[in-house]
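Notes to accompany the following structure.
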């Protein structure tokens, strides 16, 4: 595995191993173990840097190779800059957190696992050369930062902040994914380096602009650009070390990284640089303005981050005005702006990390972050003050700190823009906004340092407030030192770190940092800076006087409010929409189905065209048949008008019997037999169960509902008829059934073709059919036997209604006649049922019908003699009988395995049997016997279950 | 001629069924309906015999028997049910 | 004949639908059986009517009607029977347990 | 000859149908359930007897098929029809369906009252023992 | 010709029947079920391997060749689904043991479960349209039984509604078969495909394709999904999980099979466009439903709806890549939905309620369950490198390549809603303050380690399906290849 | 015992007839089946009523057919008459018949004959309650039944 992958996987593996590792050393703060992660990373990247000869390092590991999606990593100058930031600041943050988080009170294991995940994800983003992989890590940063922000998950504010960050950045991420995919389609590759190579060809693609827009959405949301900045202030709910990390080296920097990374690809595209610059400047001024009014230390820092990120974004935008090889006279301005952006990015990482850490120290020591309750801490914690002063001054752009240098470069680029804009108003705006924002920046930097440490002490907690432990102090100290060093000796990092990064953005850029120095004469930039200090100082001094004014300026719409309203509106709208069509009622559901059916069919028919109804070639109609159809239709139409349950059941039953009649008319004896029995059983069942129900209430349904039902029903019926006629008129092919008629006897040994189809040609259907029936019977049994709510009391009330009548009101009538007759016809029916079973292969009948006949004989006996007598006479469990039946059918099928034949293969031959005579003996009959037993068992199970439930 | 006579029989039987339907729907007592239903069963059985004659086939004779059996058991069950409130008693 | 039967199919279907859209569970069940009848007649109709004797080879007829749809209908009848019985028993239990066969009331009761 | 026999059987069938129609008419016209039961049993006996016999003759003479199934059908209907009628009428009586007001006598009424009184007494004794 | 093809149906069927004989012996029932499912999974895997190495596997039932007999046809797609279904059922079964309670176990819970799997596998494998109906019925009636088993009013009501919808759709299915048989004269899907291709498109065939679209959409919950959220929330978690994982998938399978084989795209039929509209509407309405819900099960159910729309998007586009994505996502969704529902079951058990406003702070009691739920949520939302990502990528990529920008946009937007609703659910249930008192006795609220372990195994599977996506990518590519070339299917099943 | 044999024979014939195949093998198969049934269900069978008195049976049959036709036409006449002049009612009748079989047969015959209907049987198995369509004199009705059906049945069974 290449070192690059090892480095990338390291934090993930460490995160996964952390729970086990920390269990090995239970008394050790898990942070010490976690610290190994960033330190190793730092060492690794430094080693790669010294080993490398400046050329980008590439390595690939397969993930989904057949999709061309692999873990393609590429370490160039830009990636190296970020990688070092991530691991370097990561190490400091981990160190800091070891002293910030109490091992005994906090879930430090989870904290470091998430932090390492975050680190790894961020590393992945900057190392990926494949857009899809980049997207993956991008989302992972969202997820891991979500987990970190919600670290104190009992607090509602943490949860809100975490969710907000996840939503905003997740949304951007998805947009970005779409953009990447469009880019991939346009450029036929998803590798960044390859896409950059074909940038010119890409420029012609119509997909480029939408792709770019979508990617910009990703950039802006991630780097908290206006108006997507709203998640960042709420993210301060995270533990302070996380904030420090998130604001200085990770998460928000991912957006900047992506913008920088894609600069070579999109440079020169107006949408790209235009929106980056405009949004960046807007964010810059908005953030700095808002930072002033914050009273929470961390909130102030959060808005300052927003503002600083806007600055860098704007610089990247200005840095991508001119594509590589542009002939413009101002082409050099581009590289200069990019260089400024990179420098400020580095500066910001240093001072913002330090600031957050000091804010954390203050919070840790005083127990509050409220600027109104803070002050005068300089006496108790001078070192901390020194650190925060240095960082604040760097943020304010005061020499000799690093911030001064990048601020100067920024003003330079702003002025360059003005120059390149050749006097246009928009171009004038750039330096104007830059200057205004810088003044505000000066003010809030001052507020941070002065309000916290200067002035009189507000809280009387002196006894508790003191300089923190070295562990808390060291990391910000290092960062403050770095901020100072960046100003005093930029050459330490510029050629080795910044210039290669710049080359990733502008491959042909000249050495941009060579002349970097604190003093290079009186330049317009310097004058602007001086004016910033003057005005800013004034504002800071006068702050108490104009601060109330600030408070009265209420923005007409707050972005957070809009976010809240959007979410609430989304919820409310969804609720309304869902409630509008979902009422959980069966009627609605059914109505939708048939409405859809009718509508779909009608629209489909209208769209399809070319449909005709041909009436010729249809079978002739005799008088009786005509009357029968009309009677059927009349009976059908009468059903809805039935006033009582019984009437409705009887009418429906009548329709069923008329269907039997049609089966007879159309030469389907087996069907008629089956339908006859089934209909009788159903009607009997219906009547028995619903006889005692209260009278059917007149449907209390509005006429409109009824009308709607009628319309839907009519349309559905009409549609079915029309489709039938259309299909009948448009027969494309003849049926395959000639085969069955020709071969039923020769190949399958049966003359009843329907039966042969059922038990042989399509025996599989029948097998599953009895399974269905079996399941139904077991389900019915279970339903009846299970205890249901509401029934329990009835059981307790002693006698049931029928018993009551039996005992108190009625002497039992004499059953002698029925019993005598039953004894006689029992044999008749049983014989007939077996005849139906065995003759079914050649005559109408078969297992199903035979079984129903047997069952009816048993039912007759149960009626005449009572269930108990039947149980005594036939002591079998009918559920077992049906199980045996299914088994028999299955075994008949499986038997063919033994002969290497396909499942359900049947054999038949002619045999002279002692009892049954000359028979075409087909194993299909065995199968039918299985059907028979199953159906007997099932029917009796159902009947006994229902019968006994009474 | 034969067909005509048989068709006529069918129409008559159909009319008889219609008559029974009247009683079936009108009631007033459940026993009335059961009686009507039983009669319909018998008429249906007769009709099917006539159908068989018309189509010149014996394949429907099974149905005749089945209807006979089924309609008897149905009637018995109903009568038992309205009389005792249960079809099959556990005793 | 096909035309007439297609009309009957439509009528059965339409009335079935109308019944299914009612509030009483019993009506719904009856509607379902009408729907089933409709579809079975449809299968029969779609295979062409009266074009021969019943598909029993003992009949020695010149032509037989198409046996396949009959087999399909038979399977469908049996399956519908099983499913409808189950549905019916459920409805009956619902009535016994909740005390109504009105679907709207059922919905209210069940959500309590 | 065959034709004549066929027509003969068909006429028998038709006659049976007419009888059925009469009983259906009775089913409509008669005033109480017991009387209607009388009418209902008619189609089970005479009507079906004629129709099935006609069919039996038809097959015997025209198709040379002696169908025992048809005979069986007749026997079955004859066995079960009266029992069904008996059970149904009894159920009607025991569930309190009134006789036609112009009925002349009711011997069963008193017998049933006695029977019920006795059953009630027995049940009370059984309850006390419990 | 190999009997192996029928084993994924036959083994659970035999297991179920065997179980019928041991109603009262819970332990034996569990053992037999476990053995049966294991055997089914093994046979399915073997079938998959065969389908991969030797191409499509077919079996003519009873030796009656197509189109006259019923043919089982296992192309790679079907074999893949069968395997996934069997494995998922295995997990649900393992979870069900001990959670469904002795009452259900006595009343044929395990047989019903096995019957369900038999029906599902049969539906995937059959090559005969009417047999598909029968297999559906086996599956459905088992699902009715599983749904109602347990005996609460809510279940009763849910089952009544669910059954009504399914009975209606089954009836419509038979009607569709009737129409198609009348016009085309056969039931064998391969022959149907060939004959329809020969007959050309337009006219009534167009109407019939829409008819089948309705039938299967109803089963799949595509656009006509209004029955789903109610139905799937009533039964115990193991059953919900099974339903969520399998049932709509079978409908989707039928849609995919129908509209790639019988009425394929590029045939001049309008159905694909209809599917596109329905997919979009399903995703949006599902998203709205998920946003509107305040109950754990309800939210998950609407997430099922969303994923149905998402999958149908792939079918609407019908390119090889989209279909590949659909297959990938289908497999992933089976696992991840099962996982989500199993975890939800534990959450509800531990909290004693499924209402989000009464839950909170569960992470303290169920840390592992909580983190697994988060992982499953992220997987469901398609966050890389978890299992949902590959499918999502392929689907969106395929859609964009085919120019379906709107649908691609909708699907990305709804995946944000998935993320939002599931993570919000996670936060409300597991984070925040725990309610002062449990609504149920503490011992009832205990979640056993065995069940957590079962979910953990499934969770690992989800993670590995993501990290090791390559296998899934290749498998789904293979499956998609068989889907876009109906002629292979036809040749293997039926040669004129 | 004899009655059971009879039933057995009956089943054998039935089997043969159902197949419309009058061969010995069919008969034997049916006989075997019958044996099976009787073996299985013999718990229902108490003493039964078959003894061969062919002549008596024939007489009974003839009486029945005569009664059937006569009363049928009376009833049809009553139904079709424009005005209903019938005098229906329930008549109790003690029978001399002893066995259940005899009783059942009598009840059936009464039912089968139009105009009369067996409504109930008392617990003592002796008293039949008959609903008649048109009762002139109750005693006459009883006498008529006794002299026709009851006597003929006794001829058959005793």
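Here the chain labels run A, B, C, D, E and F in written order, and each chain numbers its own residues starting at 1.
Assume a contact is a pair of C-beta atoms (placed from the backbone, for glycine too) under 8 Å apart; a residue touches a chain by one contact, two chains touch by 3 or more.
Chain by chain, the UniProt names read as follows: A = Na(+) H(+) antiporter subunit A; B = Na(+) H(+) antiporter subunit F; C = Na(+) H(+) antiporter subunit C; D = Na(+) H(+) antiporter subunit G; E = Na(+) H(+) antiporter subunit D; F = Na(+) H(+) antiporter subunit E.
Nothing here was measured: the structure is a model prediction, and the numbers come from that model.
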Inset, instruction - State which chains count as neighbours of chain D and simultaneously of chain F. - result: A
Inset, instruction - Give the label of the chain whose average Cα location is farthest from that of chain B. - result: A
Legend entry - Winner on C-beta contact pairs when A-C is weighed against A-D: A-C
Inset, instruction - Please identify which chain has its centre, taken as the mean of its CA atoms, farthest from the centre of chain E. - result: F
Legend entry - Length of the line joining the C-alpha centres of chain B and chain F, rounded to whole Å: 22
Inset, instruction - Express in whole angstrom the distance between the two chain centres, defined as the mean CA positions of chain C and chain D. - result: 31
Inset, instruction - Using mean C-alpha positions as chain centres, tell me how far chain E is from chain F in Å, no decimals. - result: 63
Legend entry - Centroid spacing, where centroids are CA-atom means, of chain C and chain E in whole angstrom: 28
Inset, instruction - Would you give the residues of chain E that are in contact with at least 2 other chains, written as numbers and ranges? - result: 130, 134, 137, 141, 144-145, 148, 153, 156, 160, 164, 168, 172, 175, 179, 181-182, 187
Legend entry - Contacts with two or more other chains, residues of chain D listed in rising order: 23, 25, 37, 65, 67, 69, 72, 76, 79-81, 83, 85-87, 89-90, 94, 112, 115
Legend entry - In chain B, residues with contacts to at least two other chains: 10, 18, 30, 55, 59, 62, 65, 69, 71-72, 76, 78, 80, 82-83
Legend entry - Contact pairs between chains, per stated definition: A-B, A-C, A-D, A-E, A-F, B-C, B-D, C-E, D-F
Legend entry - chain A-touching residues of chain C, taken from the complex the two chains share: 1-24, 26-30, 33-34, 37-38, 40-42, 44-58, 64-68, 70-71, 73-75, 77-79, 81-86, 88-90, 92-93, 95-99, 101-104, 107, 111
Legend entry - Residues of chain B touching chain C in the complex: 55, 57, 59
Inset, instruction - Under the touch definition given earlier, write down the residues of chain D that touch chain F in their complex. - result: 19, 22-23, 25-26, 29-32, 34-35, 37-39, 41-42, 45-46, 65-69, 71-72, 78-79, 81-83, 85-86, 89-90, 93, 99-100, 102-109, 111-112, 115
Legend entry - Residues on chain B engaged by chain A in the complex (per definition of touch): 7, 10-11, 14, 18, 21, 24-25, 30, 33, 37, 40, 44, 47-48, 51, 55, 59-60, 62-63, 65-67, 69-74, 76-78, 80-91
Legend entry - chain A to chain E touching residues, read off their complex: 62-67, 69, 132-133, 135-136, 139-140, 143, 146, 150, 153-154, 156, 159, 162-163, 166-167, 170-171, 174-175, 177-178, 181-182, 184-185, 570-571, 573-575, 577-579, 581-582, 584-586, 588-590, 592-594, 596-597, 600-601, 604-605, 607-611, 720, 723-724, 726-728, 730-736, 739-740, 760-765, 768-769, 771-772, 775-776, 778-779, 781-783, 785-790, 879-880, 882-883, 886-887, 890, 894, 896-897, 901-906
